[in-house]
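Chains here go by letter, A, B, C and D, matching the order in which they are written, and residues are numbered from 1 within each.
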Amino acid sequence: MGFMAVIGFAVARLRNLFAVVMLTGIFSLTAAVLYVLLDAVDVAFTEAAVGAGISTVLMLGTLALTSSEERVESTGGSRWALVLVVVTGAILVYGTFDMPAFGDPTAAIHHHVAPYYLEKSGQEIGLPNVVTSVLASYRGYDTLGEVFVIFTAAIGVLLIIGRPQFGRRRSHRMLVGELHESMRTNVILRVVSKLLIPVILLFALYVQWHGDFGPGGGFQAGVIFASGFILYALIFDIDTARTMIPARVTRIFLCLGVLLYTGVGIAGFFMGGNFLNYSVLAATPVSGQHLGILLVEFGVGLTVAAAMISIFFTFARQEH
Amino acid sequence: MEFLGLINYWIVIVLMMTGFYIVIAHDNLVKKIVGLNIFQVSVFVFYITMAKVEGGTAPILAEGITTYSNPLPHVLILTAIVVGVATTALGLALVVRIRDAYGTIEDDELENQEGES
Amino acid sequence: MAALFSSHLPALQVVLALLAAPLCVMLRRPNAAWFIATAVTWALLAIAVVLLGRVLDIGTITYALGNWPAPWGIEYRIDLANAFVLVLVTLIGSVVIPYARASIAAEVEEPRIYLFYCMYLLNLAGLLGIAITGDVFNLFVFLEISSLSSYVMISLSRDRRALVAAYRYLIMGTIGATFYIIGVGMMYQVTGTLNMVNLATLIPDLVDNRTVMVALAFLSVGLCLKLALFPLHMWLPNAYTYAPSAVSAFLAATGTKVAVYALARILFTVFGGSSLIDDFGLQEILVTFAVLAMIGGSAVAVYESNVKRLLAYSSVAQIGYMILGLSMASVIGMTAGLVHLFNHALMKGGLFMVMGCVFFRLSSVQVEDMDGLAKRMPLTMAAFVAGGFGLIGMPLTAGFISKWYLIQAALEKGWWAAVAAILISSLLAVIYVWRVVEAAYFKPPPKGAAEVGEAPLSMLVPMWVMIGMSYYFGIDATLTLDIATGAAETLLGGVQ
Amino acid sequence: MSPEQAIQLSLLVPFLGAALIVLTWANPNVRETVTLITGAVLFYLVSSIYPTVAGGGQPSVTLFEMLPGLAIVFTVEPLGMIFAGIASFLWIVTSIYSIGYMRGHDEQNQTRFYALFAIAIGAAIGIAFAGNMLTLFVFYEVLTISTFPLVTHHGTPEAKRAGRVYLGILLSTSIAFQLVAIIWTWSMVGTLDFTQGGILNGKVGGLTAAILLGLYVFGIGKAALMPFHRWLPAAMVAPTPVSALLHAVAVVKAGVFTVLKVAVYIFGVDFLFSIEASQWFLYLAAATVLISSLVAMSKDNLKARLAYSTVSQLSYIVLGAMLASDLGVIGGGMHIAMHAFGKITLFFCAGAYIVAAHKTEISHMHGIGRTMPLTTIAFMIGSLSIIGLPPMGGLWSKWYLALGALEAGQVVIVGVLMVSSLLNVAYLLEIPFKGFFAAPADNPSPKAHHEHDPDHDHRFDHQQPREIKEAPLPCLIAIGITSAGCLILFFYPEPVYNLMRLIVAP
């Protein structure tokens, strides 16, 4: 944690944005490690893939498109900013005084809702990974909402920079700057990645289906799958990567994912349950839950992967 | 004794505030978004920290394990992370467009140009 | 079939819009997308009305998503308060969307239009989701859906300043949302639940808990950022000024209103049971800012020469009215707040639509470009006058009703300063409305002014429908007032 | 036809008339016929209610609830009967007059003029028949808004400036004071219906009552009580028929009418008498009477002088209300009628001078009686009525006001009445005297700068024609009717008097 704090300050001070972005990546990685220590394996997984992976790539892309140096700005307003921050922090610290001590098992937080999940989800859902059960079933509606958030973002990015005429004409190799140069010529890298990428994609599929038992699930799978492609695009050529999955296709998958999720939810109606009730989908509630979660997780995976790919390529295509 | 139990929270707060400071104090639009990320990530850490149970394990049911950490915050944060990346993506897209339209990504320079236009 | 769906209306209220959004993307045709958006919005209005009727008949409706009982699952909980808001949002949407067709076609590049309607549907879904849910974290998720889509919609206009406006809105909006989840986290930490009703039952035992206090503070600040309460309103004027007209009309009439509702929900349903709000002095703080907003907003509006920004600042002031009403924490004050929420949505929506028509013809909303416009666009400018009377609070307009109740509530409390503020700000309203009216009616058209005609019928009709409604509810306000009073009682009554 | 139907129709007719006028814009003759017919129908309807009211009945119509428990209600009681009767009758006369005036002066957008005129009258009727304070307030504001375009009719810069003053004062007073007073009353008493004996009677303490009274009296800006009187002189930029009917009768009388209503039905005479605050407003009114009379003297522009005279005459009525004595109220009510006829005659004459002789400044009216004898005689009659000399109706109202003052033990007020009558003599009779006795030749040279006054025509300054040149016939007819009215009201004041008695002693 202290390490994170250090990074935080470094980010605040550094002027070179590339360095800043890299540090942010490391920051999320450290956070991920921390999550593992704190038993939040799924979160760690996602944070690593999303925070350290996707956002970093996106930021690099943006820097390539804008400027990589932060101008030394006049710190006129920042004094007030400091005051504001200190005050907010003080209030928060004040708030902590009645918080349960760290890890205290007697805290209210662990005794109201959570135990139910831990005890009941075994019979009701029948999945060892409680997080998945809660995510996909008990609070499945939140997850639906979140899939729509990512959907919104993907469409939004398409809307905002999705049309070539808005990018200034530049050769796309500048996308990830010099880094890119070396990568494209580096034989070892190419060979390794050629071998690596299929593995990544396979791993993504594994994560997708394994999510019910161990850490993993739709998000992680989707993100990993996407990063596989992005890696390919970075090392080889964006155009070929694009031809493998044209914009149309990503867009279709984007929609199919959310439609699948919502569809499963609505199927609940016809089987006589409420929205997102999986128990009614099959003969026994448990198998119903299994089926439902499988389907929605797949939906999530589809949308997330499609969204990530689409966002990435929309940034990438700025140059053409 | 009690305070030892709170130290984690305090560090988290420091992290949050660093992020928050970057957002409001810096003029560079990308930097602002970086700050936003740090701010949010530290909030996630806050959630995960509160979920930890002394001597508990990851909430993946297995024989012989009785105490698990609290799964609900994990779920919430999974959601929040995705929301975060979505926001980041949108923000960056806007930054790119702003750069195209104004030729700068420094907030105060933008304000000057707005004043003129 | 009908019976089947009628039992799932609460879910459909939101899901229908969610479902329609990807369809728009897949169809990739502006007209088709517009058609879907219209059909869905109207369907949603029907649903909202039916739900309101049910709530009036049988009281609060709850709907457990996935049949998981609260607090373990997420539940939809519809009482008068949110039924009222649902009707408001869908109603505005139903009027704006036919208007949007021509307006958007004029202000957004053709190839993006079908995606725009997808965004609109997502935004609608988000707002409805906020209004209908009974779970604090679920509220956050839908808050984000609506926010992200609004950022996008704002950035779509051809004016480059829209980009910066959208970016600043994004930064401030996200800060607000983050504050909100910090608050949620703290509440969860000390109570262990996310369900509003459940929280409401647990919090009273924790009144002197500092964590809860801070949680309340962060929740309020976060939501106040979203509803642009002075001094957290900085994002609003530019966002409303540079967004495409239809978007300004829709957001101005719904976005902040839903946030106001959310604040009321948190303050009175979740924390209502506890004495926290009083010990905390939150009431005084809110009232102070509300009054400042009312006077400051109107005062700035007087000097604005861009009429859309003028309206935006007047919104800042009018939000002050609503918060003033809420913070009185008395049935009549709350009624005033809620009824003003509704009336102002109609008036301001209508006025922004007027500006849309003007922009459609003049491609400018500067007041000096409107000299003598009344001769060239009589219907449009007449609508502006009619709507302006509403802002001033002339009798027979909806604005009169809200003002009547606000003043009555303030008198009941003996808050003379508040009464004075209301009066000052409505006198300022006279000035800023009149500046436009004088330009349009008494100034001669500038030399070589473009010979423009009226806006197309597809824009005029919805605009007048909106204005007309604001008069209907000003002439016979019994309906809105009865519902608002009921809603106020449910909110203040805490949990039934 | 039942009085209830009559009420509904008489509220409907003016607005229908306005619509028809707009529809028939193409053909002036049809348009003005429509105006006249509307006026006639309206007057018939209103007078058809008279027997019921005179018989002590108070027909009432409830339209719909605007706020829960607060409806739009119309109830015709004697005071409203008087006001409605005068307004609707004088509308016919004014329409006749304006046909002559507007054509003789060929004003632009006459359709807008006639239509808004009709709406304004409709609003006045609404005020007259209003059954509770809310209804009254609604039509009060409608009247303000609908008369604004009439004030700015000429669209000249100074018309616009005047319009701003007009709207500014009337709106802000009504929003800032009157509305608050109304809502406050509502939240304290829970009703706003005009009820005999007053609804606040005994419900509120002295201080509250005093504040409320202040809010009401100042909130009713149309009553032009100083310091909120400036809008009335400003409004004189309007075409003369507007000044005549609206700013000598409909609008200003709506103001004082509202004051009387508040005094009689919201506070109740006895309760008002018990509030010593009513004293202050009594003296304020008295002060207004004197000051504005003095100002009137200093005005050379005839319409401006008449405007200030109106300001002072209105305060007579406020004074009558604030005396809070039966006779005072009677006097006030009667003065609504008497002053209406007198003042409208004067304005008609002023308009006639403008149309026929293009003269607006009194200093130019030497010998005008030779060219326009009838007009000047009418002016004489009107003046006498305002001054309150027999054989003119004005006598009665002043008489009862004086009695009321004595009844209330306010000898000072009697003195005020005397003095102001003398002032009236001074500033009103000046015109007919100059008109008849002053020789046209000795046109005082210092007024040379008026040569450049666009309003008047140089031919008339240099060689004064001896032959009669009266205003157009319609104008003369109108003038004849109203000045006759002044006389008739002297011999038959009973209708008005009896109605007023009903109020104080039902």
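Keep in mind that, in the parts below, a residue touches a chain if its C-beta (ideal position, glycine included) is under 8 Å from a C-beta of that chain, and two chains touch if they have at least 3 such contacts.
Just so you know, these numbers come straight off a predicted model, no measurement behind them.
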Most heavily contacting chain pair (counted by C-beta pairs in contact): A-B
Centre-to-centre distance between chain B and chain A (centres being mean Cα positions), rounded to whole Å: 13
Separation of chain C from chain D, taking each centre as the mean of its C-alpha atoms, in whole Å: 45
Length of the line joining the C-alpha centres of chain A and chain D, rounded to whole Å: 76
Inter-chain centre distance, chain B versus chain C - centres from mean C-alpha coordinates, in Å: 28
Shared interface positions of chain A, touching two or more other chains: 92, 96-97, 99-100, 109-110, 113-114, 117, 139, 142, 145-146, 149, 152-153, 156, 160
Of all residues in chain C, the ones touching two or more other chains: 137, 141, 144, 148, 151-152, 155, 182, 188-189, 194
Chain pairs in mutual contact under the definition given at the outset: A-B, A-C, B-C, C-D
In the complex, chain C residues that touch chain D: 389, 392-396, 401, 403-404, 407-408, 411-412, 419, 423, 426-427, 430, 434, 438, 442, 475-478, 481-482, 485
Chain C to chain A touching residues, read off their complex: 4-5, 8, 11, 15, 18-19, 21-23, 25-26, 63-68, 71-74, 109, 111-112, 115-116, 118-119, 122, 125, 129, 137-138, 141-142, 144-145, 148-149, 151-152, 155-156, 182, 186, 188-194, 202, 209-215, 217
Touch list for chain A against partner chain B, complex: 1-2, 4-5, 8-9, 11-12, 17, 20-21, 24, 27-28, 31, 34-35, 38-43, 46-47, 50-51, 54-55, 58-59, 61-63, 65-67, 70-71, 73-75, 77-78, 81-82, 84-86, 88-89, 92-93, 96-97, 99-105, 109-110, 113-114, 117-118, 121-122, 128-131, 134-135, 139, 142-143, 145-146, 149-150, 152-154, 156-157, 160-161, 166-168, 213-215, 219, 304, 311, 314-315, 318
Contact set on chain B toward chain C in their complex: 16, 20, 23-24, 29, 32-33, 36, 39-40, 43, 46-47, 50, 72-73, 76, 79-80, 83, 86-87, 90-91, 94-95, 97-98, 101-102, 110, 114, 117
Residue ranges of chain B touching chain A (in the complex, touch as defined): 1-2, 4-22, 24-28, 30-31, 33-35, 37-38, 41-42, 44-45, 48-62, 67-79, 81-90, 92-97, 99-100, 105-106, 108
